[in-house]
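Can you keep this structure in mind? I'll have questions shortly.
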Amino acid sequence: MSFDPKILGIACNWCTYTGADLAGTTRLHYPHNVRVARVMCSSRINPAFIFRAFVLGADGVLVGGCHPGDCHYSTGNLYARRRLAVTKKILEFAGLEPERFRVAWISASEGNIFAETVREFTEQVRNLGPQTKLAAQKRMLA
Amino acid sequence: MIQIEKRLREEAKRLLETKEAAVVLAFGRGFDEEHPMPLILRKPSDAEKIVFNEYCTFNMARHLTEFPPGTKIAVAVKAADSRAVTVLIQEGKVKREDLIILGIPVAGMKDFRSGTAIDATTTGPAVNPVLYDILLADLLPEPKDVSPYDVLAEIEAMSPDDRWGFWSAEFSRCIRCYACRKACPLCYCETCFVDQAKPRWSEKSPSASSNMMFHLTRFYHLAGRCIDCGSCSRACPMDIPLYLFHKKVSKECEEMFDQAAGMCVDAKPVMVDFKVEDSDDILL
Amino acid sequence: MITKIGREKLQEFVAGLMKSGRLFAPVKEGKGTNFKLITDPQSVTLDFYNTIQSPKAVLFPQSEDLVNYNISHDGIASEPAPIDDGSRIILGVRPCDVQSFEIMDRLFNGSGIVDPYWSARRSNLTIIAYAFDRADPVDFYNAFGITGSDEQGSDILMVRDTNSFLFKAFTDKGTKLLETMPFLEKGTADDEKRMTEIVDKGRDIATRTLDTAEIHKRLAGIFDSPYWEEAAAACLNCGVCTYVCPTCHCFDIQDETLFGEGSRRKIWDSCMFSDFTLHASGHNPRTKKSQRLRQRINHKFSYYVENFGIISCVGCGRCTRSCPVNIDILTVVEEAR
Amino acid sequence: MSRIGVFVCHCGLNIARTVRVDEVVEFARKLPGVVLAEDYKFVCSTPGQELIQESIEKHRLDRVIVAACSPLMHEKTFRKVIEKSGLNQYMLTIVNIREQCSWVIEDEDKATEKAKAMVNGAVYRARLLAPLAARFIDVNHDALVVGAGITGIQAALELANAGRKVYLVEKGSTIGGHMAQFDKTFPTLDCSACILTPKMDAVLQHPNIELLTYSEVSEVQGFVGNFNVKVRQKARYVDHEKCNGCMACMEKCPGKASSEFDELLSTRKAIYIPFPQAVPQKPIIDRESCTYFLKGKCRLCEKICQQGAIDYEQQDSEISLQVGAIILATGYDLMNTEALKQFGYGSYPGVYHALEIERLFNSTGPTDGKAVMRDGREPASIAILHCIGSRDKNYNEYCSRVCCMYALKFAHLFKEKTSADVYQLYIDMRCFGKNYEEFYHRLLEEDVKFIRGKAARVTDRALSPEEEGKLIVEVEDTLSNKFMRLPVDMVVLAPAMQARRGVEDLSRIFNVSLDKNRFFIERHPKLDPLATHTDGVFIAGACQGPKDIPDCVAQAIGAAAEAITIIGKDKLELEAATAFVNQQICCGCQNCVQVCPYDAPGYLADKGASEINEALCKGCGLCAASCPTGAITARHFANDQFMAELEGLMQY
Amino acid sequence: MENPYIPMPVTVDKIFIEVDTKEIKTFRLAFVNKTDEERFNYRPGQFAELSIYGKGESPIGIASSPTDKGYVEFTVQKAGIVTSELHDLEEGAQIGLRGPLGNSWPLEFLEGKNIVIVGGGFAFTTLRSLANFMLNDEQRSRFGKIVMIYGARTPGLLCYKPELKAWEDRSDMETFVTVDKGDNNWKGREGFVPTVCKQVAPSSENAVAVICGPPVMIRFTLPVFFELGFSKENILTSLEMKMKCGFGKCGRCNVGHKYVCKDGPVFSLAELENLSREY
């Protein structure tokens, strides 16, 4: 069986999570690999969450927020954009494949884009194979 | 350097005598000539204890946050150190008006532990402070055509796997003594995230993943703030080249946000700021 | 009796040691050298002055599992982690560091409740000491009556000659270990002479020193002195000094869990960290770095003397060498008057 | 250890078809901290809710997890349910195994596997949840209605009649909106003015309504129950306090400009009211066409005005309002048909758009109600082109909903006023409303010609003598599959109803998201059509999407009712999931102070630590993620809770 | 060899909610293994580490008396991660117990003397152990007069209410229960502990005072006892300190040359005076 990646999704409540709901209500099919945790705003995401997700064995992390300018909290995602950009550079310089981390701006009406992004990202991560670099060693598991 | 030492003693004495400063942060003798120590002066008569030589690599901005707010502090700073002072002012940790900044233009410093020269590969290439009230020597010509980031080329050129190999070997030596964060002038948090139990951001026991979790998060916390003084790496007993990672993050921040850390007291650090026109390309 | 091996045959010797137990020996790491569990004889180096970290981790690792557990719906299942107490050999320990094991024994092995982890490993440890042939300016082991070529506490003393290493066993354990390696040459009378010469030379190495008489009382007397503020002014409160120290033994006990499975671990800790004494209530009896530096010095030079009759310092100079701000423990103690 | 109850919903077959619910229940039952796991057909139903309540009591549950549909759907419902059983409402976690799982994953194994992982994440998180205390704030009882078209007018009247003070802000110099431009309304053919003007007058007269025309909202601060609104009133150069509406100024004014109200088909003066029944009945000066403003002399109106109401120095002014709720009724724009070159609007005088036709038919319009063309001729043949820019992937994919009906209305009126042949070029006739289909049938009887086909092009290039001097409409009749060239005198376009220009600014000011067509997004398309994601801000009418007058009015009344549920209360419960600072570990970096869009955190210099004003906090968590020490807890999304959720999500 | 780091399994037999805020509970623990119970030989004033895997350990004074057979009790205030988890436990849960640890109230020293027990609030647990021990039929004759003064901020914050009642009714001791501020139902004494001590004025003749309570109470109570003629050797207290191992290895509770966990937690004032104020 081919590698079936485990991907963490973090979606903002107002845009991407709602967009994902729309993908659901319109019955758009997409891969099962992304498990979404909801936050109120993409600016809630502490880059340490992303690092932690990889430590926990995530093969990829997908973050979704409102389009810049459309943030429910007006400027949250503009800060998030900077933070997540730096996060990505840090992961990349550490030697993690940058393709394992993606930020997408997906509005509440873009159910189709949510589905498409999940499809694309899942394939991308699948092609990279399992993430073993940051993942805590099994030794941790006693 | 003898001249700087003399000027530093004079100014320290004067500032303490006139009570313009309650504290002077300078450099003193350690157990020998080649091992100086940070010196915190309160008495004019102690000014004689001040030394300055090529081993006085300490970033005295590190000690600024140890005093109660409102303390008048004179601080001796070299090029990068002055940028740390600038960041501390930007972040409201010290007030500009409480500081008398004694600027030291100097080149040719050496690491007291290894004896090797400190140059643009391990710190910023600048030789003049960016912020000062009193200059202790004439400004020097800034080195031309030297980028603090040239040293990164080799690692940047590596494949992700090789880079991972490089860093995991380096971080595998980490013993979590936290000298890096304690030597950093900008790691002034009394309680570091890594010491917290709720949540436990990273395991306390060293392991590949917990060490990485600590360092990556710390690099992030210094993003757009690190002023490339190299203190962390010099403090590291295990010789982990942390400066390389900090330089990379600084380079990216400068490229993405068009602002170098600690150059101007009126600027906001880039991670607590945004521009509407920041490009989405930075996320690619 | 003296045995000997050519310097070019070091690897053969290392490989021989590895057959008798787990071998810890100096390995180049970063810009320095450290004791590591040896898996490849080639990795061992004996060209070093002293290691960055002390050899204490061989018996007292930075992190050690006490109990493994598993949290499930039906409760928490646990079992003690097996104590890894197999035979250990440690090669290349400097004479001052050898003394550190004796000092730690008094705490872990000889007083009140015995620490089973230290104890089990200690009895299965063979120490091959390695005489100094020069002194680093920060060392001060002479202060504790230790010389550069002391055999005391070791099973075998090793010295370096121009083209060879010479060994002399001082315990049965040491003798037996050397006997497992028939490829070692028997030392000649000349070698005996050389050994004595080298040992004598080592004995004459002069380090800094310190008047240790009544030191614990002296320190107790200046507990409330403003001196400590001054001594600690430059201190960054990192934990380097304690983590490289051969006799610092403070530790924490932490439960570390991932996905419901975890271990209770004993992990090095440092009295230099501000949260070391922080109560759950928020109260902290040692908030100031001067208090913490005072604690470290007093614990080594005063409290340990009162409790165990010995200064908990061997003068190896590691803390001074590794201190990011050049705080010199000897100077601090000397000036504490 | 916690006592968690997990309730897995089948949602009929919506979830159960792809997620093996029993397996998820079995899985949940074995998780640490879970004391009960059950499934139920519809957990949101009354018996489902009762099941939760009984279980809380019976099994002494302290936390509840509902694995069902999206939390945006039923989180509030279930919070109330557990609260009734004595649990704090924040001890609830919703796992979205419908929208996120059963509806999007085809494979039963994969869907079940994902549902389990999601439940596991929720259990990890639930174990760390903490009860939150409800917060109450005083509510301002006044309301703001933005836009005074028929929707805004209706909403304002409803609120005012309910005894609430209403501020009605209108961008234009008169209220009435598009409806005031219409001649007749379908399908009843009432005179639009006859039914609208009494309402306009009622607005003017109502003691509870403060009308702010020629004004725009520039800033909204605060939150539900306590909005602080800034309104910019543009300079009118006529002091309406003094003006008595005699209109003498208008008569003498030499300045002229095209009348926007008449869709530029007539002229108006530089000092003017847009149309005779305008409210307020007081003029404004248009700087662009005023001789004095253009040339520096004239001031005729000033001389004539006996009230001394003319004030050339008048400046824009700013008014601050405090309201408890806001209704947006900002309406729509007709699509600019000039962009659609193929239909010749702007190139051929014989091409009109719908609002121009409304004005042509109107007795106060540019032709005094005569159906004549720009050249004064009465058209002998007229083609009405449906779906211009609507139902068209190149422009707007949606249907504008009103065009079929007003096209029928136009045909009827043309038939009434002229002897012309009238053609309807349509894709489908959509006559869904009450009495709409009947109206369509009536028109079928009126000798109107229906051609089923979307017009492709309008040209004046004649291919035959009979096409000379005519506009030729090219269309494929999809019933006969025949390509047709239809020569007519007059072409009427039925352009799409579009979101307002500048709606992006409104979106920002009121913090209401836009959909892909730039219409405001409602909180839920079916069950919460008038609320937005910003509490206390409601939408009604065509700003949410194209709709006809009855729908607009119905929404207006609905939105007013929604607003009253807020401003009718004295106290309002606020989201409790705000942030707070643990000052013991705060390092005083002030990142939180720098980043908060609401200025909730402040720095206390004496403590060297920050503090968050929870009345201002909206719970976004921006500060928490900016805090290097982790001193800030974003309640309900706290670091430990979120990290635990990640661990749970990634475990299996 | 016994591994002192490994807790023994115990079950939570019974949970008593002590105070109206529910922030303080007493846990009655029963040993899973008979051998453990026999080995767990403790004296009043000792403590033990309560252990919950995944959360950690917390050192808690033993609240029961060695004369109570078949169980051991701990009174726990909800504060950190471990104690919060303990408070979430239900009867029947299994946890770990490591001990007994520390010295104890010096029973041999107390023998034949009059004992004045002074406690405040939650810091009364090992005093309760001592009291119940001394009041045991077999032990009572070893000790002289017993005076007990116990106070809390409010009536709802008094621990061990049934026992307080029983002690008040006993003729072989004097018990004074006080609260800082009473409520409508409170019929007892009102007043701060130091004030009550002054009023009761126990004689220092052949007497030892055993005092535990919040720092502010201790600060104001000590002068009262000095005035009554108690010497520093005859005033005992128990220290609280951050501890980990509990037997003097980990270095955390090191104060001067003492380890609070091993050499304490019970000290006389005279001993404390020789100790640096780092607790």
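Note that the chains are named A, B, C, D and E in the order they appear, and that numbering of residues resets to 1 at the start of each chain.
Note that contacts are C-beta pairs under 8 Å (C-beta built on N, C-alpha and C of every residue); 3 or more make two chains touch, one makes a residue touch a chain.
Quick caveat: nothing in here was measured; it's all calculated off a predicted structure.
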item	value
Given subunit B and subunit E, the chains that contact each of them	C, D
Contact-richer chain pair (by C-beta pairs counted) among C-D and A-D	A-D
Taking each chain's C-alpha mean as its centre, the one farthest from subunit E	D
Centre-most chain [mean C-alpha coordinates]	A
Distance between chain centroids, defined by C-alpha means - subunit A, subunit C (Å)	46
Separation of subunit A from subunit B, taking each centre as the mean of its C-alpha atoms, in whole Å	34
Distance between chain centroids, defined by C-alpha means - subunit C, subunit E (Å)	40
Separation of mean Cα positions, subunit D and subunit B [Å, integer]	53
In subunit E, residues with contacts to at least two other chains	93
Contacts with 2+ other chains: residues of subunit A	47, 52, 56, 69, 75, 79, 83, 136, 140
Multi-chain contact sites of subunit D, meaning residues that touch two or more partners	584, 595, 626, 639, 643, 647, 651
Complex contacts: residues of subunit D adjacent to subunit E	1-2
List of subunit C residues in touch with subunit B within their complex	29-32, 52-53, 62-63, 137-138, 233-234, 236-240, 242-244, 252, 254, 256, 265, 267, 270, 273-275, 320-322, 324-328, 330-331
In the complex with subunit B, residue positions of subunit D that touch it	584-585, 587-591, 594-595, 603, 605, 608, 626, 628-631, 639-640, 643-644
Residues on subunit B engaged by subunit C in the complex (per definition of touch)	30-32, 35-40, 58, 62, 112-114, 173, 175-179, 181-183, 190-191, 195, 200, 203-207, 231, 234-235, 237-240
Interfacial residue positions of subunit A with respect to subunit B in the complex	47-48, 51-52, 55, 68-69, 75, 78-79, 81-98, 102-103, 105, 133-137, 139-140
